[in-house]
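Each in structure tokens, the structures are laid out below.
In the two assemblies presented below, chain A is common to both, partnered first by chain B and then by chain C.
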Partner chain A sequence: MANHLFFPLLVPLVSAVLATLVSQRRVIARSIALAAVLFNLGYSIWLLLAVGATGRMVTQADDFAAPFGISLVADGLSAIMLALTSVMMLVTMLYSFSTVSPYRERYYYYPLLLLLLFGCGGAFLTGDLFNLYVWFEVLLVASFGLITLGGERGQLEGGLKYVVLNLLGSTSFLVGAGLLYGVAGTLNMAHLSERLGTLEHSGIVTAVAGFFLFAYSSKAGLAPLFFWLPASYHTPSIAVTALFGGLLSKVGIYALYRVFGTVFQRELAWLAPLILLVAGVTMVVGVIGAMAQVNVRRILAFHIVSQMGYMAMGLGLAGTVGLAAGILFMAHNIVVKTALFLIGGTAEHLSGTGELKQMGGMARREPILAGLWLLASFSLAGLPPLSGFFGKLGLIQVGLEQGQWLMVGVAAAVSLFTLFSMLKIWNEVFWKKAYVDQTGMPRASALLLAPSALLVALSIAIGFGASPVLNYSRYSAEQVFNTQRLVQDVCGSAGCEAVTSTAN
Partner chain B sequence: MTFVLSLVVGTLFAGAAYLMLRRSVVKLILGMALLSHGTNLLLFLMGDGVVKGMPPFVDEATGVTPTAAADPLNQALILTAIVINFGFTAFILALAYRANQAVGSDDLDDMVETDRL
Partner chain C sequence: MYESMILRTIARLMLPLLLLLSLFMVVRGHHLPGGGFVGGLLAAAAIILQIVAFGPDYAREIVPINYLRLAAIGIGSATCWGLLALLQGEPFMAARWLDTAIPGIGKLGTPVMFDVGVYLTVIGVTTQLALVLAEEPTLYPLRRPPPRTEPVAPEA
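Moving on to the complex of A and B:
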């Protein structure tokens, strides 16, 4: 029993309550939030190392035996996601200290961030499908609060689209979970993977898998379900955009990896061509959508969509090596995407606008910011030796091994277009002469630059230390696909079916 | 009974789809509410189907589980889903009210500011 798995959930929850109580006193609320995030960061780094050394950790809520109660399961993928969540939460929180208005801070900004951390932690740690639904709702409701906090017109419009589309996805998730319970009679992921393996297969499980595919794709913003993402992600404050763009959109991909890698393995073999098609279309549509945009954060929002395609490609390659490449790419992308939003957001914060036409001259005014942008955008486009290169290299290698020529071609071509968009922002924001009066423009303080510098350093570190990161993502991908081991870890060596039959 | 209820679920889903495809925000929200009701009813139909069963309590004196007990998990799932949907409906109503104040219209086609170049 690894009861410590409850800590990364309890600490944010309790701190969220405390921060709500003292929300009028900004300094105390900030310290509480920061303390909780630092705790989660320390814990998740320890978990990362411990899971790497000893394997999967499992605990049962209230000590109910496995398929009956609610299991918390931490494997490599959970540990990676949990650690990245904590890092992203830390940098966005540091960034919020200097950018979010005091008005928003008083109206429960930090409690909402902590609840988001709580929801993400739960989603990454749960071993139960219905619980995953509940955790999704927890993080969704916190994100609804964050995206509309401030109540500007754009936020309300974008927020409405965000809320409606996400609720539709959740409903589909719930329908899928209900039908799956009707078919298999259990919702524990380990038990499901055991039962669906032995079940007399009719088409219904494939149909149910379709509900899950719809739900997670719409949350991840895969084509053709991505329209809500570029319509809403650029509206809230910069720190929130960075957190959503970097981290939150990837929760849908995590759920795809987890559920299709573990529960629907047989369906994955069927659905892989469809997932690859969706991945390719998503890459192309996202990158072309970005070309038409003339606002920093909107361009970056369309690039989220495009990058989602690469992560879906990792799943569509339907195997341990493909998934490992996908996990590596996702880890890289969370870091770099957040960095880009923070850097572009800083330029926007200083200029007072995100419209490319009215910006300029930033390279001369803020050389450090410009340098960070270059590094992060090259990493996103996939230039060696930055982290993006190894992420894409893995995907393309696996694609070539499987003979998916078209997919590999699309992935490589989209990289070039990504570089084009990044250079567009570079030219307009940093390189060109400013045509508007910039005399009153503030300078970037160290507190504005530090979070993105931290992330760019992390991206370079992933690039130079690619081999241990790649090994860890291989290890996690094997854990996701090895359902026999999962069943043994969760339900004991005899398996979940043995536990239920003795109980009857 | 299962057949009748599945027809009801289908009707609720159809009504929800119709309402959600309208341009009015209020109709959209009503559609979402109908959809969640349909989903709850669908969850109710899962499990052992709709049968008359004993309450799923273990007899404390004898420690025996009743043989024809109803499946309690469906009810638990539905209860959770109802609570979540209730909260979301309240939130989205408030959001629609504020959006209506800011935009001055109930028409989704007027809410295009975030999509415009």
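Moving on to the complex of A and C:
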């Protein structure tokens, strides 16, 4: 029993409570939040190494035996996501210290961030489908708070779209979970993966899988359900946008990987062509949508959508190697996307506007910021030796092996258009002459630059250390697909069915 | 707020009764129907009744609590009772019970205390929601809007 798996959930929860109680004292609230995030970072790095060394870790809340109680399961994919969550939370928190207004800080900004950390941690660690739904709700409620915090007109408009379309996805999730419970009589993922193979009426399971596909696709922002994402992500404060764009949208992809890789394996074989189609359309629509935009954060928001297509492609290639490439790409994308939002956001913060036309001259004024932008955007587009190259290389290699020529062509072409969009921002924000007199413009402090520099360094590190990272993601993908081992780890060597039959 | 004598008389009488009933529900709730959530709703209903009958200002005056803090304290204490087992090397939320029953209350243990945390949280969140809605100045009839002195500007 790995009881320590509760700590990355309880520490953010308790510190959220404490930060709420002292929310009027900003320094104390900041210290509490920072301490909690640092704890989670340390823990998740340890977990990453420990899971890599010894394999999956499992614990049951209140000691109830596995298919009856609430299981927490940490495998490679969970550990990767947990570690990335902590890193992203750390950089956005550092960034918030210098950019978020004191007014918002006092209105429970840090408690909301900590609750978001709590919800993400739970979603990545749970081994139960209904609990996954509950964790989604926890992190969504926290994100509703963060996206509307401040109550500006644009925020409320964006927040409304965000709330309504996410609740639609949640409803579909809940309907799917209810139907699945009716069909299989369990919602423990290990037990489900064991039981679904033995069901007589497997047709209905395919239909239920459709509900889950709809729910997670809408949360991940895959075509044609992505509209809420570019409509809302540019409205809150920059740190929140970076966190949402980098991390939060990937929780949907994580759920797709987890649920379709473990529970709906047979349905995945059926749905793979559809997922590939959706992935291709998402890539193209996102990148074309970005071309029409003239606002830094809106362009980046459309690119989130486009990149989601690559991650869905990893799932659509329906196999361990495809999923491994998808996981690697997701890890890279979380880092780079957050970095781009932070860098673009810093330029916006300094210029006082995010409209491309009114910006400019940033390369001469802030050369470090410009350099970071170039590195991050090349990484997003996939130039070697940065992390994006290996992410895309993996996906394209697997696609070629499977003879998905069209998909590979689309993925490669979209990379070029991504580079085009990034260079558009480069030209408008950094390279061209300043649009207005910049003498009164504030300089970027070290605190503004450090978070994005950290992330760009991480992206370069992933690029140079691609081989261990790729090995780890292959190891995680094998763990996701190996349901026999999952059942043994969660329910004991006899399997979940044995536990339930002795209980009867 | 409604200026109804019947409602106000009843509301005044019901406040202590509902609060007592809510406490009863919490204590009874571990083995029988009831529990922290229902108890919390009952206690919140007692306060919301005052909001409806006398208005939000009066309700804040007679129960001077920061409800958001109350909710936070509730969540914090509920978590701490679950932590007890975790710190002794067992999974989170594993139950701990006192050996002897307390007369009038029954056996006490961490699940009951967890329920008390839920009770506080539900009171805090429900009442806070009701108060925020009631204090919204345009929401008639819970509170009359201040009389408009300036002419209304045409919509842009």
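Please note the rule applied: the second predicted complex is superposed on the first by the 502 of 504 C-alpha atoms of A that agree within 3 Å, B and C clash if a C-alpha of one lies under 4 Å from a C-alpha of the other, contacts with A are read in each partner's own complex, and residues count from 1 in each chain.
Following the convention adopted for this analysis, contacts are C-beta pairs under 8 Å (C-beta built on N, C-alpha and C of every residue); 3 or more make two chains touch, one makes a residue touch a chain.
Just so you know, these numbers come straight off a predicted model, no measurement behind them.
In the superposed model, A:246 makes contact with neither chain B nor chain C. Once the two complexes are overlaid on the shared chain, A:1 sits against chain C while remaining clear of chain B. Set against each other, chain B and chain C touch different numbers of residues in chain A, with B touching more. When both complexes are overlaid on chain A, the residue A:127 reaches neither chain B nor chain C.
By the touch criterion stated above, A:59 is placed in contact with chain C alone, chain B being left untouched.
When the shared chain is aligned, chain B comes close enough to touch A:141, but chain C does not.
Looking at the shared chain after the overlay, A:354 reaches neither chain B nor chain C.
Contact residues of chain A toward chain C in the complex are 1, 3, 6, 10, 13-14, 17-18, 20-21, 59-63, 111. For chain A in complex with chain B, the touching residues are 130, 134, 137, 141, 144, 148, 151-154, 156-161, 163-164, 167-168, 171, 174-175, 177-179, 181-182, 185, 187, 230-232, 234-235, 292-294.
Those residues of chain B that touch chain A in the shared complex are 25, 28, 32, 35-36, 39, 42-43, 45-47, 73-74, 77, 80-81, 84, 87-88, 91-92, 95-96, 98-99, 102-103, 111-115, 117. On chain C, the positions that touch chain A within their shared complex are 68-69, 72-73, 75-76, 79-80, 83, 86, 89-95.
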